[in-house]
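There are two complexes below, and they share subunit A, which is joined by subunit B in the first and by subunit C in the second.
And now, the complex of A and B:
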C-alpha cells in the first residue's frame, strides 16, 4: 500500500486516464483523497451513472420493494409488472424475520402480476385488481403493498386508485408505490418513495397506549443475517421496548402506531432519514443516529440512548449490559487484533455500511484504505450540514417531496428545545456526521465505484480484504483477494452488537487465512529440478 | 413451522406466487456470455442489469460482467438512443470487448426503441461487433430470452461461402445448460472425432480457475469467425426444443443448414438419441470408451433399481431439463406425479403427456405454473422426491421431502456448474444424487435397531 498522497494521486490518474474525456471529468468529481488539513471535502454523489460504465447500482424498485418494504413480515408484496422484478427480489437480500405467535410471515414468498404483452398493450389494471382479490382470498393478509415496475408508469396503470378501491372493498390496508425502475439514479430514489408512502399512509393510522417507559423505533435496520435479532436482544436486556422496526423483522401493523414512541434510532441514514425527519416534524419525536455495528460504536450508541432518556437506573443497566457483553468477547477480539494488525480493507457498500464497518475493522486492527457508497448522497459523505448546499437535479425533482406538518392531536414534545440543544453537543441527535470526517488521511473516498475502478484500485493498493456485494466478490477472488459481502454478509451474521463483532472477526479470519489462497500457484511453477527417468532417459 | 399454503385449490388467474421462471433478458445475458470476448449490454434501467448479474453470479459463483444503458426518467420519455450511444462509446473505450451483445428490457421495448436502427447509425470501431436481441420481459421467460439471443447470433452473424463450400462441420446448440454440460458434450463430440461449432459456449467463461489473475474476457466462448462460419456447416443439432430449436430453424431459413432438434441429452434414452443422431449425420461410430460408459450406467440402474422403483417424483424447472428428467425417471421405474415448468408454452404439456402415455397413476402436468401450485399439488398428492432448482426447498422443507437440485438456478449448493447432467456420465452423477437423497431419507427414518449397512 502506497502511503503518501502524491503516490495516491498517481494511482487515481491512472484509474481515470482510461475514460473518454467527458466521462473522466465526471468520474473525477466522485473520487477524493482524505486530507485533514484541507478541512472540508466535497464529493459528487447521487448523480446519474454514465451509461455503459459498469456500475453496481440497482434501481428505484430495488430500493423500495427490495430494501425498505421487503423485510416487513406481515405484508403481501405484490409486484405489478413482468415476472423478473418480483423473482429477483425474492429471498436474495437475507433480511430475516420471525413471525410473532399467530402472525404471518410472507418473507419467503414473492407475488407478481406477471404482466404479459397484452397487459402492456391494453393496460394491466384488470389483472392487478384480480391479483389483489386472489391474494386476499388465499392469504387474508392485513396489508398488501403494490410496487410498480418500469412498464407500469409508462402504460399509465393507476395503481394508487386500485389500492384505494381494494382497501375499501376488502377492509385491509392496501398501499401503492410508484417506484418504477427508471426513477432517480439508483436504489436511493426507491428508499425515498417507500419512506413517503409509509409516512403518509401507514404511520399514525392507529393509536396504542404504550405501557413501557422507553419506547423506541428502530429505523434503517434491515435484519440482514439477523442483525436486528441481536440488536433487539441487547435493547431488551437493557429494558427498551421496540415499538416498530423500519423495517428489519418489522411489521406494517406495528408501524401503524409507531408515532407513540419517544425516540427514533437511525441505523442506515441514507435509506430512512426522510421518515426520521418527518416523524420529528409531525409527531415531535427526535432521532438519534446510532451504529450497532462494532463494539465501540454500539457502546457509544447505547450510552447516547441512556443519556437521552436521562434516567440513572437506565444508565446503570446500560453499563451493566455493556460490561456483561464485553466480558464475553473482549479477549478473543483482542487476539484477532493481533492477528490482523497492519492489514487493509477496501469497502464499497450501500449507503451506510462503508462507514459503519470502518470502526468494526479498526477494532480488529484493519485499516480502511478505500471507502465508497453505491448510492449515498453528499450528506452521507460530508455530514448533514451540507444539505442546504446540495443542488437539486432533474432526477431529484422527479421524486415527490412529501410535506408534513405538525399533527395537532398526536404531536407530543418529547424533550425541550434547550434539552435538545444540550444533548446535541454530546451526541448525534437529529444529525449524521457522514463518512469522511472519521477517515484517515490519505485514504480514498469513491462514489459509485465501477468495475474498472475496482480492478485498478485493487491492483494498485493490494488491500487484504475487499468488501462489496456479490457482483464483484468473485472478481476479487480471481485476483487472490478475499472478498466479504457486506450487503448480504454472504451466508453468515449477525454482525451487529458485541457477539456480532466477534462473529465478523471470525468470518474475516476464515476468509483471509483460508488455505486456498496459498494453493493459487501450483508447486511445479516454482523451479523444480526434473530428475526422473521413468518412461525413458531424456 | 408456519404453513401458508392451503390444500384447497382456489381459482387463480392473475396472481403468480413463487415463480418457476424469470424474464427474458437474463437468458439473453447468459447466452451472450458464451461468445468469446463479449460484454452483454442491457438496454434499460440499471436495476435489470444488476439483478441479472447478481443472479447469474449466485448460480455460478463466478464474475458476471455486463453493462447497462442506465435509463433515467428522461430517457424513458425521450427514448434511449442517446443512452445507448453514450454507453457504446464508454464500453469500447474503457472495457474494450470484441463483441457487445445488447438485449432489450420491458422498459426499452415499451417505449419502442429500435435497437437495429440505432446500431445501424452507430460508427462501430474497426474489428468490433455489435449484436442485439429483442427480449421484452413481458413475453416468454428466461429460456425464450436465451433462445432469442442465440437466434440473434445466427441472424446477424452467420454467413455462407459464396461458392457454398461446406466446412464439414456440425453446429451444436447445447441449450441453457451449465459449463460442465458443455464440456461433456464437447468431450463426446471429440471422442467421436466430429468437427463442430458449439454455441453459445460458456465453458472457460463461467468456470475459470483461480490463478491470481482476473481476466474480464476469459479464453472460452464461441468466436465471431466461428459464428460467421455456422452458415457453412452441414447440419445443426439443437439440444432442447425450447432453448435451442428456434435458432437452428433460423439458420435453415437463412442458409439452408438442416436443423435437428433433440431433447436435452439427460438420461440414457435422450443420450442414446443424441449419439444416434450424431452417427447418422456424420457416419462416425460411437467409440468404445463411450459405449462402456453406457454399459456402466445400465449396470448401475439394473443393480440399484430397487432404490428407485415406484417412487413418486415431482419435477419442476425449465422445460427442456424437466422433459428430459421426466423421461429419465420413467426409465428408472419411478413415477412422475407432478411435472411443472414456469415457461408458458403448451408444447411442453403435449410432449410430457406423450411420455406419460403408459402411466397408470394420477399425474399433473402444466406449463406456466408456479411453486405455489406445485406445493398445493404435493399437499394433495404427496411425493417421495423432488427434482428441481433451489427455490423448491421451501416446499421440500415444509413437506419434508428430499430435494435433488438440478437445473437453474442452484444457489444453495455448489460444484453443480462444473459437473455434467448430460450424457451417460451426467446420468451417473444424477443417479448418485437421487439415490443418495432417497437412501439418506430411508436411513433417517429407520429405527437405529433396524438400520442396515448394505442398501
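And now, the complex of A and C:
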C-alpha cells in the first residue's frame, strides 16, 4: 500500500471532483476519515441512491425475499410478479440449509406467478390464488410467503387479503410481504418489511414447553457458506439450545414459538434489529449484539452470553470450549499473521460484515484502510446512541413502523432492570456500537461505494485485498488486486467461529500468494533498459 | 405448460432487460442505464458477472416510491447526467423495466428533451422498451439489436460490399470464431453486437472503466448500405428480426440461420459465405469439416446411447438439438421457458426422423423438465447452469452451454461453433456418455448376472413415448 496518510484528503477531493456539482455535494457527506481526536463522527447513510452512478445496492424485494426470508428452509417462497425477480433471487446468496429429519427443504426452489402483460393490465390476483392452490397441492408446505415485486403495488393486487383467504382455505400459514422494489432506498427497506411481518404474523403464534436450559434465538445470521452450521456446533458444544434461527438454516415452524427463548443473539444488526427490539418490548427478551466472525469477537461473544445467563457451570464450559477450539487454530493463525503482517484491506460489504471482518483481518496482521456499507444506516456506523438524532426522510416514512406492545400473556421478564443495567456496563446488551469506533485513525469510511469511487480509492491506496461481492470482484482483478467475496465467500466457507477463521486465513493465503499474480507485469516492462539504439537505429 | 399452469417452479427463462444488457455490451464505448428500481440492474450485473467473469457495469435511474407517483423523469435525467460526466460514453442504452413500463414512462420523449436541453450532440442515446413481463431474455436480446439498428442505421444511397452479421447470444470466443471464418472468405463485415473483446477483456496494466472493443456507432450507421445480412436467429419472430428490418427498410437480402453448431448448421453458414463472397471454400475449413465427420463416425457407437434433455434459450436449443440429432443422440426433451409458438414446429421438423417421439415444451419450468428427465430415463442434460439442481438431486450429468453458466468458469471461452467448435463440443458430450459407462459398467454387470431377480432394477424404458402435450 502507498503511504498516503497525509494525502488522504487530497485523494478524497480527487474522487469527488469527477462528479457533477449536485452529486459531488451529496457524495461528500457519505465519506469521512477516522480521526480519534475528533470524537464523534457523522456520516450520511440510508439516503436515496444517486441515479446513474453504478451503485452496488439492491432493492427492497431483494432485502426481503432474498436476504431475510430466503434462508427459511420450510417455506415456499412465492414471488408475485414477472419472472425475472423470482429467477434472480434463486439460490444466489449461498445460504445453506439442511432439512431437519422429516422436515421439508425448499432452499433449492423458487416459485413465481410469472406475470404477463395481460396480468399487469387486468390484475394478477386470480393467477396468484391459483398459484397458491397449486403450491399447496404439489408441495404441501406448512408456510407460504408471498413477496411483491414492483408491478404488484402499482396495479393494486391485494396480496394481503389473498394470503388471509388462502390461510383459511388451506389451514396453513400464508404470509404476504409488500416489498415492492421501489420502496425505501436499498434492500434495507426490505429487511424492515420482512421483520415487521415476521413479528406480527409468525412469532408467538404457537407455544411450546421448552426443556432447554439456555434457550436462545440466533438472529441476523444467514448461513452463508455454512457459517451457521459452525456457530451451531460451537453453541451446542457449550450447551446452548437454539430455539429458532432468523434466518440462516432456520425454519418458519421454529420461529412460531421463538418467543420462548431467553436471549436473542444479534449477528447482523442492520437486517434484524427491528425484530430484536420488538421481541424485548413484546415478550421481555433482551438482545445481545454478538459477532461470530473472528476468533477474538467469537470469544468475547461467548463470554458475554455466559455472563448473561450467569451460571458458573456454563461459564466454565464456555472457557473449556474456547480453550479447546483455540488450541486447534492459534498456532496456524499466528503463522499466518507473520505472513500477512503489513498488508491492507478494503472492505465494502452489506450492513455488518464490513465491521465484523475487521477483527478477522486484524488477528492475521491485516489492517483495514477503507470500510463501508452498501445499505447501512447511521447507527451501523456511529452506534445506536445516534438513533434519536437520525432525521426521518419521506422514504423512511413509507415503510410502516410496527408498533408492538407488551403481550400480557406471553411476556416474561428475563432479567431485572438493575441486572440489565449492570450487564450493559460490560457488554453490548440491547446495544450496537457501530463500525467507526473500532477503526484506526486515518482509515476511510465510505457509504454506498460506487464503481468510480472503488477505482479511484484502489488506485490511490493500492490495498492488498479487496472484499466485496461479485459485481466489483472483477473490477478489482482487472486492477491487479486480489479480491475475496464476503457475500458469497467464492464458494468457500464457513468462516465463522474458530475453525472458520483459520479457513479464512487459508483462503486469503491461497489468494494473495497464488503465483499467477507474479505474471501480471509483462516481461517487456521489466526490461525497459534494453530499449536503446542499435547501430544508430532506434 | 402441462401440469403447473399458474405456478412457475424454478424458471427456465429470465426477463427482457437482461437480454438487452447483453446486446448493449457489444457496442463500443457504450454504457447502459436501466430506467426503474435499482434492484434490476444490480441483479443483472450480478448474473452477467458470474457468467462472463468480467465487470458488468450497468447504471440505474433508481426510481423510488416518490417516482412511482410523480414519474421517474427527473431520475432518468440525473442518471444520464451523472453517467455522461463519469464515463463519457459514445453510446447510452436506455432500457425500461417493469416499474417504468407500469407507470407509463415515455423514455423516447424524455431522452429527446434531455438531449435538447443539455445540448447533447455526440452521444447516441438508444431507447428500448423492455418490460420484464413482456417476454424473456431471448426477445429482449433480439429486440434491442433491432432497436439499435432502427435508431442508428442509415442509407447513404451508395451500396457497400459489406456483410451485416447479426450475432446470436454466443460466447465471446464464439464471436471471435465467426469473425475468423468470415476473414477466411475475405469478407468485410459488421458484427452486431460484438462482445468478442468487451465481455472477454484481456488483462492489461491499464484498466478502463468502459471495456475496449464492440461495434462502433459509425459501423452501425452504415449497416443500411450493406450488401447482405446474415442473422443467427432462425426462431426469431420477424417483428424482432434485425435482418427483416434491414430487408424491408433498405432492401438488403437477408439470410436467417441457426447458430452454426453441428455439421448441417455449419454447412449452411459456410455455403452462404461461399455464395456471397464468390470464393471457394478454403482448404482449412474443408479439412476441419472432414475431421468433424471423422469424429462423428468414430464416436457414433457411444453417441447412440445418448438420451438428452436440452434446455435454455430457444435458438441454442435448436442448434444443440441439431448436433445431437445428427449424431444419434436422441434429443428426447427439448424445453424452453420462453413462450414461443414457432419453437415446437421448428424442433418437430428438425427431429422428424429421430427414432423416438420427442417431447417439446415452450413456456415450461425446471420442475416440469425434472419430472420428464426422470420419467424418460434421460442420461445427459445439455443446457445452462440452472439444470444443476437436477444434476445434483437426480445424478443426471449436465453439459453446460448457453447463458448463464454460473457454477463453472470459462463460459466466455467456450467455443462450440463451426466445424472445429462442434467437434470439441461433440467430444464433450461423447466423453460424458463414456464416463457414465465407465463409472457404471461393473455395477451394471453385477446387477445383470449376480444379483437376484428381485433386486434388479426393474425400470424399463416406456414402450411408446408420449408426444409432449403443450
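To be clear about the criterion, the second predicted complex is superposed on the first by the 518 of 538 C-alpha atoms of A that agree within 3 Å, B and C clash if a C-alpha of one lies under 4 Å from a C-alpha of the other, contacts with A are read in each partner's own complex, and residues count from 1 in each chain.
Rule of thumb we're sticking to: contacts are C-beta pairs under 8 Å (C-beta built on N, C-alpha and C of every residue); 3 or more make two chains touch, one makes a residue touch a chain.
Keep in mind that this is a model prediction, so the values were computed, not measured.
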Clash-or-fit label for the pair subunit B, subunit C on subunit A: clash
Subunit B versus subunit C as contact partner of A:415, first or second or both or neither: neither
Which of subunit B and subunit C A:105 touches, first, second, both or neither: first
Touching partner for A:473 - first (subunit B), second (subunit C), both, neither: both
Touching partner for A:333 - first (subunit B), second (subunit C), both, neither: neither
Contact residues of subunit A, present in both the subunit B and the subunit C interface: 18-20, 23, 48-62, 78, 81-88, 90-92, 108-117, 119-120, 127, 130-131, 134-135, 138, 149-151, 153-155, 180-186, 394-395, 398, 451-452, 455, 469-475, 478-480, 520-521
In the complex with subunit A, residue positions of subunit B that touch it: 2, 4, 6, 10-19, 21-23, 25-26, 41, 44-48, 50-55, 57-58, 61-76, 83-84, 86-91, 93-95, 105-107, 110-111, 136-139, 141, 208, 210-216, 342, 372, 391, 394
Residues of subunit A that touch subunit B when the two form their complex: 18-20, 23, 48-62, 78, 81-88, 90-92, 99, 104-106, 108-117, 119-120, 127-128, 130-131, 134-135, 137-139, 149-151, 153-155, 180-186, 394-395, 398, 451-452, 455, 469-475, 477-480, 516, 520-521
Residues on subunit C engaged by subunit A in the complex (per definition of touch): 4-11, 13-15, 17-18, 33, 36-40, 42-47, 49-50, 53-68, 75-76, 78-83, 85-86, 97-99, 101-103, 131-134, 136, 201, 203, 205, 207, 209, 337, 386, 389, 393
Complex contact set, residues of subunit A against subunit C: 18-20, 22-23, 48-62, 78, 81-92, 108-117, 119-120, 127, 130-131, 133-135, 138, 149-151, 153-155, 180-187, 394-395, 398, 451-452, 455, 469-475, 478-480, 520-522, 525
